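Presented sequentially are two complexes of subunit A, the first with subunit B as partner and the second with subunit C.
And now, the complex of A and B:
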């Protein structure tokens, strides 16, 4: 039983990380835009769930919310989850509505965040985006009516109508199918003409402008797609954890995603899969050590140090990552050779 | 009110030392050094350790902090940044410095745990004891006097080093054009290493004064980092004197705006927003910063 829970939660977390890494891969790996505000778009998804799930559910069931949100949101989340347990449709509505609100919101913010990239050099762009994500965190952390500030907000359990192992299993299936879909979109984009345009901009912006690429538009679209993906991850994460706390969305999380993409291999669509797996593996090993080997200090600190050293070693020794970028095959090789042969023969 | 003025001045003094150091690294190695805040904490914990062991006031530990911060910063350059100097792009260097930030921060956490057991003092959320200095009947907090003195002395010596010595000429030459300087016989590696040493030492010196005004933990370095970036950007990237002006602008603006807003009933927890929004506004609107306004110098962080 314990093994089952472990596997289910691992799979769910892996799916969420794959979504984040895939979006970062598209923006940073392919387009070369260091979106160091990644956590902000992840947070938009989670915050939408935190702010809406209880309120929406209360409106739908006709429950009047009383008292301060920061003190009562967990109570109402439990209360309303009980309502959902007898009404699956209500749970699905809450899930879909939060998703429908979060994704466009995040996409709009993403388009907005793509504009500084027109002017700023990459490192200042990254600093600007970090400042942007910290602004979002500081505001939500201190503006209590929205998300309960440091108290956080309770989230209703939209799968409360399922029993224990089935509930987690459904969550896993949901997360992994969304992750698979999003990864596939990323893969298709990467191997399409659009992906080639992205890499052209990354490698030489001026040349791609000269070849008639609308760089601003392509950047805005990529950021919109990437941010939409990240917000899906945020929605799933909020429902998976069951609460939303603004302090959970620090720059450290952006760093983890950058780490996954760098370790996996920038510019290779498979990199996000490998990067997320590497991180999660390392994280779980550390957790295992923490529970089984006594050390005189908190192992969490040590695991962060190991992560830092890992990324240093990768960047210094193998900067292209575990799976280096390869030029994508857009036409099957045998097709090329066949057509060449035919051409060759006709010339004869 | 006097308390606010003192707070603003001390904070600005610290920001001045920090932002000049950060800008020095930006100038020499083009690294947006996200580990800069951790050098501050190296200073804090050196001061705490030495003052506890020797039983002296933390002010007397300044030389130890200078050396500790400088040596750690220099070591990071030699081990990590020097091999990458010609290979990595700007964002890679930034990611590397973020990794170093994480390594340093959590090493300090572990050190804080061990030191707590070893020295039997609080190593998190502690304050240093300050004393008042009397000047012709006016009592001034020691931290104001000492932090002002230290920042003036250190920054003036940095100025003298850069502009009045052969070494300083070599440093400025390496900033302008490392290849040419190297061809003319300047040991660029050594010069860059020195600038990392100076940057780390300045940050650690700021760290000695920090716990007099604010309770610190190893994570505090991060909250000092973005205001430092804001000072550099407001002052104008590439201009050391600009950073100085930027530091006092940001320091005073942050403390006074928070004070004004707090008297209007807005939570003081919004304080970081001042420097965060300064970063975004200045970079997008007037990217050369104040020094660009004043003398047209400074670099454009914009794409050419």
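And now, the complex of A and C:
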């Protein structure tokens, strides 16, 4: 039973990380835009769930919310989850509505965040984006009516109508199918003329402009797509954890995603799958050590050191990542062109 | 629709009027005016630092002039960004080749074609680029780069990168090619092949080219018209023979 729970939760987490890594792969790995505000777009998804799930569910069931949100949200989350347990449709409505609100909101913010990229050099842009994500966190942390500030917000269990382990299994199926879909979108974009334009802008922005590409528009598109993806991960994460706390969304999370993409292989569409798996494997091994092997220090902090060393080693030894980018990625020759080339080469 | 009109007034093809540009206190260009006729080879020469590359970058849109106007086929393009000038038919190459190193040779050429903003929605359905790929291969074949089609551009030699730049700029069927020292660092055999190739483009496809070049021995034989730039001013212009005999030109090149 314990093994099953472990596997189910591992699969769910992996799916969430794959979504984040896929979005970062497009923005950072292919467009070369260091979106160090990744956690902010992840947070937009989670915050939408935190702010809406209890309120929406209460409105739908006619329950009046009383008292301060920060003190009562967990109480109401439990109460309303009980209602969902006899009404699956209510749970699904809550899930879908939060998703439908979060994704466009995040896409819009993504487009806004792509504008500083027009004027700022890569390093300044990265700093600006970090500041942006911290501002979002600090505001939500201190504005209590929205998400309960440091108390966090309770989240209703939209799958309360299922019993364990079916509940967890359904969550896994839901997360992994969304992750598969999003990864597939990333793969298709990455191997299309769109992905080619992204790589060209990353390689040489001036030359891309000189050859007719509208860089501002392509950046805005990419940020919109990437941010929309990250918010899906945020929605899933909030429902998976069962609560939302603004302090959970620090810059450190952004860098875990950067780590996944860098380790996996920037520019390779499969990099996001490999990178997320590598990170999760390391993370679980360290958790295992913490629980089972007595060490004279706290492994939690040790994991940051290990991950830091890992990223250094990768950058020095294998900067292209575990599975490097291999051109040509965006042309698939059909038989006619292929025979053309072969014919020409044999002529030589 | 505008085609017939510009054919009649063949000097309306490309006109630069009173272009001035200064960087800080340095006046790089001073009221430079010139015109490029359709289907012609025009050469601009001048000593180092005379403002040739600056002028070329103003035509391609990378730099904005402080003063003056640019007209291309009856369009005032003075304030158009480079990507829109490219879609109008002005393609340029860089003095030091700027290929996309992590794209393959074929992808580099394809980058110059197709949609200025490839639609990500269409990418999900799959894009049929069959015709573009055929066309790109034909261009690569012309420049003997086709056997390298799947190699990353970063693995090419300097001369091959020059050819790739040329291939890339041809992909969009330009009307006007801007070439910044296309022969620099290229071996003599390849250099004369490039010049012949440009002449062919001119006569077979009606593509005008505007070159900035120091290798006069190779370039002068092929061009129709020459402008000489010195300290940001046009000091001489005319057919290659006229310009070579101009005492001002000798003075500018050889000193007092």
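Going forward, the second predicted complex is superposed on the first by the 329 of 348 C-alpha atoms of A that agree within 3 Å, B and C clash if a C-alpha of one lies under 4 Å from a C-alpha of the other, contacts with A are read in each partner's own complex, and residues count from 1 in each chain.
Throughout what follows, a contact is a pair of C-beta atoms (placed from the backbone, for glycine too) under 8 Å apart; a residue touches a chain by one contact, two chains touch by 3 or more.
Keep in mind that this is a model prediction, so the values were computed, not measured.
Of the two partner chains placed by the overlay, only subunit C lies in contact with A:193; subunit B stays clear of it.
Shared-chain residue A:307: touches subunit B; no touch with subunit C.
Contacts of A:291 after superposition on the shared chain: neither subunit B nor subunit C is touched. Within the superposed three-chain model, A:127 lies in touch with subunit B and out of touch with subunit C [touch as defined at top].
Within the superposed three-chain model, A:319 lies in touch with subunit B and out of touch with subunit C [touch as defined at top].
Of the two partner chains placed by the overlay, only subunit C lies in contact with A:213; subunit B stays clear of it. The interface of subunit A with subunit B does not overlap its interface with subunit C at any residue. The residues of subunit B lying in touch with subunit A in their complex are 30, 32, 80, 83-84, 87-96, 98-103, 105-107, 109-110, 113-114, 117, 222, 226, 229, 233, 237, 267, 269-270, 272-273, 276-277, 279-280, 283-284, 287, 301-303. Residues 185, 188-189, 192-197, 199-200, 202-204, 206-215, 217-218, 221-222, 225, 267, 325, 327-331, 333-334, 336-337, 340-341, 344-345, 348 of subunit A are the ones that touch subunit C when the two sit in their complex. On the subunit C side of its complex with subunit A, the touching residues are 60, 62, 81-83, 86-87, 91-92, 94, 98-104, 106-107, 110-112, 114-120, 122-124, 126-127, 129-130, 133-134, 137, 141, 146-147, 149-150, 152, 168-169, 172. Residues 28, 34, 116, 119-124, 126-128, 130-132, 134-135, 138-139, 141-142, 205, 251-252, 255, 258-259, 262, 296-298, 301-302, 304-305, 307-309, 311-312, 315-316, 319 of subunit A are the ones that touch subunit B when the two sit in their complex.
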